[in-house]
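First, the structure itself, so that you have it in front of you.
When the chains are written out, they are named A, B, C, D and E in that same order, and each has its own residue count from 1.
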Amino acid sequence: MTNITPRVEPDITESTRTLALQASGRGKRPPRSAWRLMLPTPTPWLVLGLVLAAVIALFGILGPLLVTDPTTIRDIGMTPPSGEHLLGTTQTGQDVLAQLAYATRGSLQIGLLVGVLATVLSLVFGIYGAYRGGLVDEGFSLLSNVFLVIPGLPLVIVIAGFVPREARGWWTIAIVLAITGWAAASRVLRAQTLSIRSRDYVAAARVSGERSWRVITVEILPNLLPVIASQFVGAVIAAILAEAGLAFIGLGASNSATLGTMLFYAQNGFALSLGAWWWFVPPGLIIALFGMGLALINFSIDEVIDPKLKDVRLHRRRAQRARRLERTNRS
Amino acid sequence: MTTSRRPVLTVDGLSVVYETESPVHAVSDASFELGAGEILGLAGESGCGKTTLAYAINRLHRPPARIAGGQVLFHDASGETIDVLGLAPDALRRFRWSKLSMVFQGAMNALNPVTSIRAQLHDTIRAHRPRTSRAEAERRSIEVLERVGVDPARIGSFPHELSGGMRQRVMIAMAMILEPQVMIMDEPTTALDVVVQRDILREIVRLKDELDFAVIFITHDLPLLLEISDRIAIMLQGRIVELDAADRLYRDAAHPYTRKLLGSFPSLSGSRGDFIRTGVMADETPGGAS
Amino acid sequence: APGGDSGATASDADTLITVGGQGDMQINFNPFSPSSIGGVGTIYEPLFFINKVGDAEPEPLLGVDQSWNEDGTVYTVTVRDDVTWSDGEPFTAADVAFTFSMLKDNPSINNIGFDGEVAADGDSVAFTFDSPSYVKGPDILNTVIVPEHLWADVSPTEFLDEQPVGTGAFELADFKPQAFTLAANPDYWGGEPELKAIRYISLSGNQAQADALAAGTIDWQTSPVPDIQNVPDRYPGYVNVTANQNQTVLASCASAEMGCSGPQTDPAVRQALSLAINRDQVNALAFQNTSTDISPTFVLLANQEQWISPSVVDPVVPTTPQADQARALLEGAGWALGGDGIYAKDGERLSLGVEVVTGWTDYITTIDTIAAQAREAGIEVVPVQSSWNEWTDKKQRGNFELAIDSLAQGPAPDPYYVYNNFFATTVPVGESSGNNFSRYADPDVSAAVEALQALAFDDTAAREPLMATIQDRIVADLPYIPVLTAGTSSQWNVAKFDGWPTDDDLYAFPAVWSRLDSAEVFKKLSPTGE
Amino acid sequence: MTAVEVSGLGKEYVTREGLRRRRLHAVDDVSFDLVPGRTVALVGESGSGKSTIAKLLTRLERPSSGAIHVRRGDGTPVSAKEYRRHVQMVFQDPFASLNPFHSIEHHIARPLRIHHRTRGAAETRERVLQMLERVNLTPAESFLHRRPHELSGGQRQRVAIARALAPGAQVLIADEPVSMLDVSIRLGVLNLLARLQREDDLAVLYITHDLATARHFSDEILVLYRGRIVERGPADAVILDPHHDYTKLLAMAAPDPERVGKVVAGEIAFDRSRIDNTTCYDHARGEWVGSAVPAGV
Amino acid sequence: MRFLLRKLAFYAIALWAALTINFALPRLLPGNPVDILLAKLQQRGGAVSDDTRRAYALLLGGDDQTPLLQQYVDYLGNLLRGDLGVSVSYYPAQVTDVISTSLAWTIALVGIATVLAAILGVVLGALAGWRPGSWLDSLVPATTLLSAVPYFWLALLLVYLLSLQLGLLPGSGGYNVVLTPGWNWPFISSTIQYGFLPALTIVIASVGGWLLGMRNMMVSTLSEDYIMTARAKGLPERQILMRYAARNAVLPSVAGFAISLGFVVSGSVITEQVFSYPGIGSKLLAAVTNNDYALMQGVFLYITLAVLGANLVVDLLYGLIDPRTRKG
């Protein structure tokens, strides 16, 4: 499990405006579409993040179509990478690259499902609760706080221990992970919703006669998109890591290939002790790189949520120039 | 227009540029003199560069802002003249607050929320007079709090425990704790209620009379400036377009912008200014231009 | 006593370090408790030691002599008379009688199912049975004896026995949750062992054990290690010994009469699958080539070969696949090849699920390998992973098609035990099956097994025809599809100690977890001084 | 023509501090009428309850006591469903009252659609353009697709006014509509409001703490202090001839350029603890109303 | 005071929720754990009396006669008496006894590692945020890789490299088993030596989050007015950094500390497995593999209790460093 980033809670309600000001400050017309404003600015780190995430996602989506059957057994066990098997073979001569492709797909599937489920839960408990206020909000926020302090993975392990193996399909694992993983996002969303809810444009919409659901979905939600995106991305990383952990201790989804189960088999096949790094290292590396890709995307989304961060980056070079100019001025 | 009093601060041709993609000349060629014990008002609409100017005087501007030219000279009471823009970092640190202190635009948030008022008053003294004893620092802190009308018993409070008006008073107390010769006040009362604002203005004028420091008072509330300032500078797009004694500026302003600004304020007891309730509108600015 | 300092009497050079458990250990030296962490054989001794990998001759320990009466109903064991418990009390035949009556009184710990009468008389103990019971002798000899004067007043099922008092060559010196140490018993009747201390440490999992071996922090362990064929090179100072005792099988729910369903109830299917398996490949991929041949009669080839009936045509299962033969067999039994390359009959595809426990990676690999091989013969094999409990439950209730498992050997090296356990008695699907989860039922086999019980192990002439009957039937019916005889590999430190069993002199089964055997090994070890 | 009659309006907030509850009378027994073509100004210091009254009038909050009756010109009451078509509001902060995410068109089109003022996209677009032109945002087409952040503060406030008027509102609540704007454009917005009021014969409630604009922009002034009205009457009368101590304090505190250089340290500070809010001077009647009429007046 | 009461009330509710989840889980999920447990108990030589059956039925459900509410009350009563049942895999030991020895190990390991990671991350984050654009700051995004690495994978790699290949540190166990546990230096130094790699894993994998959070918060804080005031006051830079900027910026990190503890405990369950560390995580896994439901539930309760306790402590301490919360 990853640790969480202690999250700054910036004033999201100001962010669009500040971003627009920044855009105009750069001498450009601020972009017409609000959607465009909410896109993170392309920085080398973001590009790296997108490339990492996209390449790995593509590998998971298209990889299985291109590789050989990952279950095919060959007499050549544990062969190092070669022209024939680009990433070598496992103990039973199965092609590591092929397994990696399927396992990546499996992990992505779980990560995505958990991300979606956890986000939906956090939207319901965070946004709806905060919008309604009163007892509903008290109840929802108590619930999410309780879920936040109850340690997730041990709970998941206990649940997985109770669920019979054959019922432990990948979606069961996903649901369990989602149920134990929505609370942090919900808390962040709640705080942001509370601040947006007190904004005049929400009151204005109500005065115009908008209905509650429309106020939530049309007036509040779009402004939360960067936060939601960031929480979603975070949930996907956490889910992939958690599933890998579960699979590694033998509690993962039964009969489904994920990067975690791959590591589990590599570990049981003494891959590391035998120096078969090509079997042990790639699955972990894919998780780490994919996680890094998503985290870098989040890093850039953070700039949308809190434009001060962007300011710092934008001004970095200019500040240096300003300092230099000032120095030459003086002397 | 120069002042008849002994100058404490001379700003000469000061220019500040924000080095953004298209550089913003926030302050261009600003020159004025501040006399000892004088209140100099600085007015202008939002974004004209008032705050930038105030920061630049104390070299508080942060990159990407840079001082593109000009001079800031501080004429110490001792007779020495300090070139503020040329001070080395440590000398600058010592100069700040002891000679020239500031009360900021967002004074509501200018106090550190996690330490007590006492700690913040004390560290101001200690930073400049390291040898001050605790007791002495405490005595001095209580004294200035009393001066601005804050109950000294509140010295152990944290900022969030004080009302906005009290916080502003604490800021003013802090600004005078080292008895500086100049105080720059950047919209010190805009966030406050009219009644409270009045109390604080009265306090500032009284303290100034007692302690004889000079004040640069920044606001966009021209009627207010007219009431308290000796002289008023009008800023437009980074330039000081007019600088004159308050009453003269009110009665016969030279610059059209000044006149327009004055016209924007309907008088409480007098005529309506440019406000038209009935009849044809002369000055309803058409949209499009922002 | 626990808490004592083991370091005072034993130096590192004469302390043997081995694996005791996983995680924190909970103190429990009750030899009859399933959660017992140690002491069987080392602290508590049995009457005799029977080497399952050697010939069947029992070696005297607490007993010095044993014999059956004429008709096999009374078993008399004479006990040693110069033995004292480690608390100084003398050991007597009464302790033996006490131990067995205690077992009889507490069914939950009576693992050997002792149902006779026991009586001590001087230095001999008599075990009396209602019917001839030669086959029960080895169980009696293997049971460890506890002191009556300490055990008479405790509940043997819940007794934790934190300060064990035994007669064995070692005593408990020190217990900590991460390790406990046994120290040599200076007053041991057989003389103080040269090995001064044994430290059992906690290590979780195969990887940790392999790592410990690589780091040289452990002297004896029994678990698979990487690159098992090259242990002396990879782990200098260590050798590997493999003993092949576990007959790996694909057990089928075989008997349609008992309620089994699925293609595997057809003997032709079982035979065909057996023919389709490439055992060489399985051995290489799943077992690092440590497994050995298996006999379809389930007589252990290593030390019981003499019991294979000459009437069995193929006493050893061929290791190369015969897919053509398998296809012919299936077609002869009415199966027809379907469009997907898999045989089918009456609309039923020849698809077999094999139950396996999650995490048993060598078995999972075995099934994966067999699945690929069986496809060549038009048979689909699908692994079904579940937890140990569910796997056990499915086997017990007959809710499975095939299950990979190994056939447990008996207390003595004789095929009788396998036949009695796995082929003799049966119950319908849904009821708990006991050992014979294939639910194989054949009246001739059952009768022959029963007849074997009344015969002494050395009554070769009378036993051979019965063996032939059993073996002919089970080789034809194949309720358990033989795969290989899996090896149990141990690695030990020959640099530090002498006296280990060798392939030539396998005086005990060389697994450290086989406690009676490892106790024998400990007594024979001597530190080299390194 | 819609008129609003507010009688005995009260709003009580219950604030919880841990286990203790505190009642706060934000608004207490306030009555006034909003009549077509007339502007009522509501002045008072921060926290006196001005915005609370606005929220009650726009039904963002429910009154704890009293009633708000809205009637058409013919005297028929306006139903709850139609309420928001008749009563609309302009908020204080133009940077906060427009959703940064949506286009200007969205902001004006929504009320039209909600209140079925238009049918079909084309008609809606037509009406939106018309509204933009009415608030002097020309050329209107160029504003349709802009986002609020592309507009200056004054332009935004015009959009907010257009939005409020879009459903055909007859009663407009303007809560400090210009206090967040730059001084130089404040009058422009107020002039626009005045023009629209004339054209549509609107009833306007103008909430402000700026006495000067209150005086010139409104017909009647209500001075609010701690939730209660302490002085009411025609605009000039209240400002030029304040009776209640609180009104005097307000008038004195308001900057007045006529008093150039008048702020002196000696100016007496008011003792605010003496001010009481249970009495009210009504200029129209020329007398004190309320529980205790202060002596010496 | 009110603040305190509110907090205590919240933790009481959270604890109650955990207990109730524990009660509900076996009853909601398919399968009948009582039967498995009793079968296993019998297998282990346990006598299954009616009392035993009822005790397990209380713990795990499966008692159809008693009304659910009564079961719930009895269950809570049992917990209050510290009766978590008997562990099957360690039969006949009590669950509480089985757990108590391992708890200290986990608390020490996770506690120390988390504190180290937090301090390291916060300090580096503060420095990076203090001088945005410095070389330290430009490395910040790279630390995201660290937080995305699977704990156990990193642990195995570290064991392989540092322990097996280089032989620098022991790769498994909690201390040198030759030593006698207690407050003696050889033992303590050995626990440090053995705890180093697991702690390193936790630190590496969690330091990135702290760093990033602190750095971002620092950037936000630097634009606050009170920082500008501090500059204008002519305070020394060090003092501005420590007493004004970092002091305020660290608040969310402190608030997040307790919550992150829960996450780190989770991560350490698997890390402990890799290092054969004698902590509570390995107990949990042992319980799961052995279907020792009573132990499983017991471990979960203990972990929850520990995390809740840590949260409470941090929450109370938070009141000390952020005066604004004291008002409640």
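Here is the rule we use: contacts are C-beta pairs under 8 Å (C-beta built on N, C-alpha and C of every residue); 3 or more make two chains touch, one makes a residue touch a chain.
What you see is a predicted model; the values in this text were computed from it and never measured.
Engineer: Between subunit B and subunit C, which partner chains are common?
Structural biologist: Neighbours common to subunit B and subunit C are A, E.
Engineer: Any idea which two chains share the most contacting C-beta pairs?
Structural biologist: A-E
Engineer: What is the distance in Å between the mean C-alpha positions of subunit A and subunit E?
Structural biologist: Chain centres of subunit A and subunit E, defined by C-alpha means, are spaced 22 Å apart.
Engineer: With centres defined as the mean C-alpha position, give me the subunit A-subunit B separation in Å.
Structural biologist: 47
Engineer: Rounded to a whole Å, what is the gap between the Cα centroids of subunit C and subunit D?
Structural biologist: 91
Engineer: Which residues belonging to subunit B are in contact with no fewer than two other chains?
Structural biologist: Counting only residues that touch two or more other chains, subunit B contributes none.
Engineer: Mark out which residues of subunit A touch at least two other chains, giving numbers and ranges.
Structural biologist: 164, 250, 267, 272-273, 319-320
Engineer: Please set out, as single numbers or ranges, the residues of subunit E touching at least two other chains.
Structural biologist: Those would be 156, 164, 273, 289, 291.
Engineer: For subunit A, which residues count as touching subunit D in their complex?
Structural biologist: These residues of subunit A touch subunit D: 13, 16-17, 20-21, 29-30, 32-34, 37, 199-201, 203-210, 218-219, 222-223.
Engineer: What part of subunit A is in contact with subunit B in the complex they form?
Structural biologist: For this pair, the touching residues of subunit A are 25-28, 315, 318-323, 325-326, 329-330.
Engineer: Quick check: in the complex, which residue numbers of subunit B touch subunit A?
Structural biologist: 17, 19-22, 24, 62-69, 85-86
Engineer: Would you pull the subunit D residues touching subunit A in the complex into a rising list?
Structural biologist: Answer in residue numbers: 55, 58-60, 84-85, 88-89, 91-93, 95-102, 110-111, 114-115, 145-150, 160, 163, 167.
Engineer: In the complex, go through subunit E and note every residue touching subunit C.
Structural biologist: Checking each residue of subunit E against subunit C gives 36, 40, 42-47, 87, 89-93, 97-98, 101-102, 156, 159, 163-164, 167, 170-175, 177-178, 180-181, 273, 276, 278, 282-283, 286, 289, 291.
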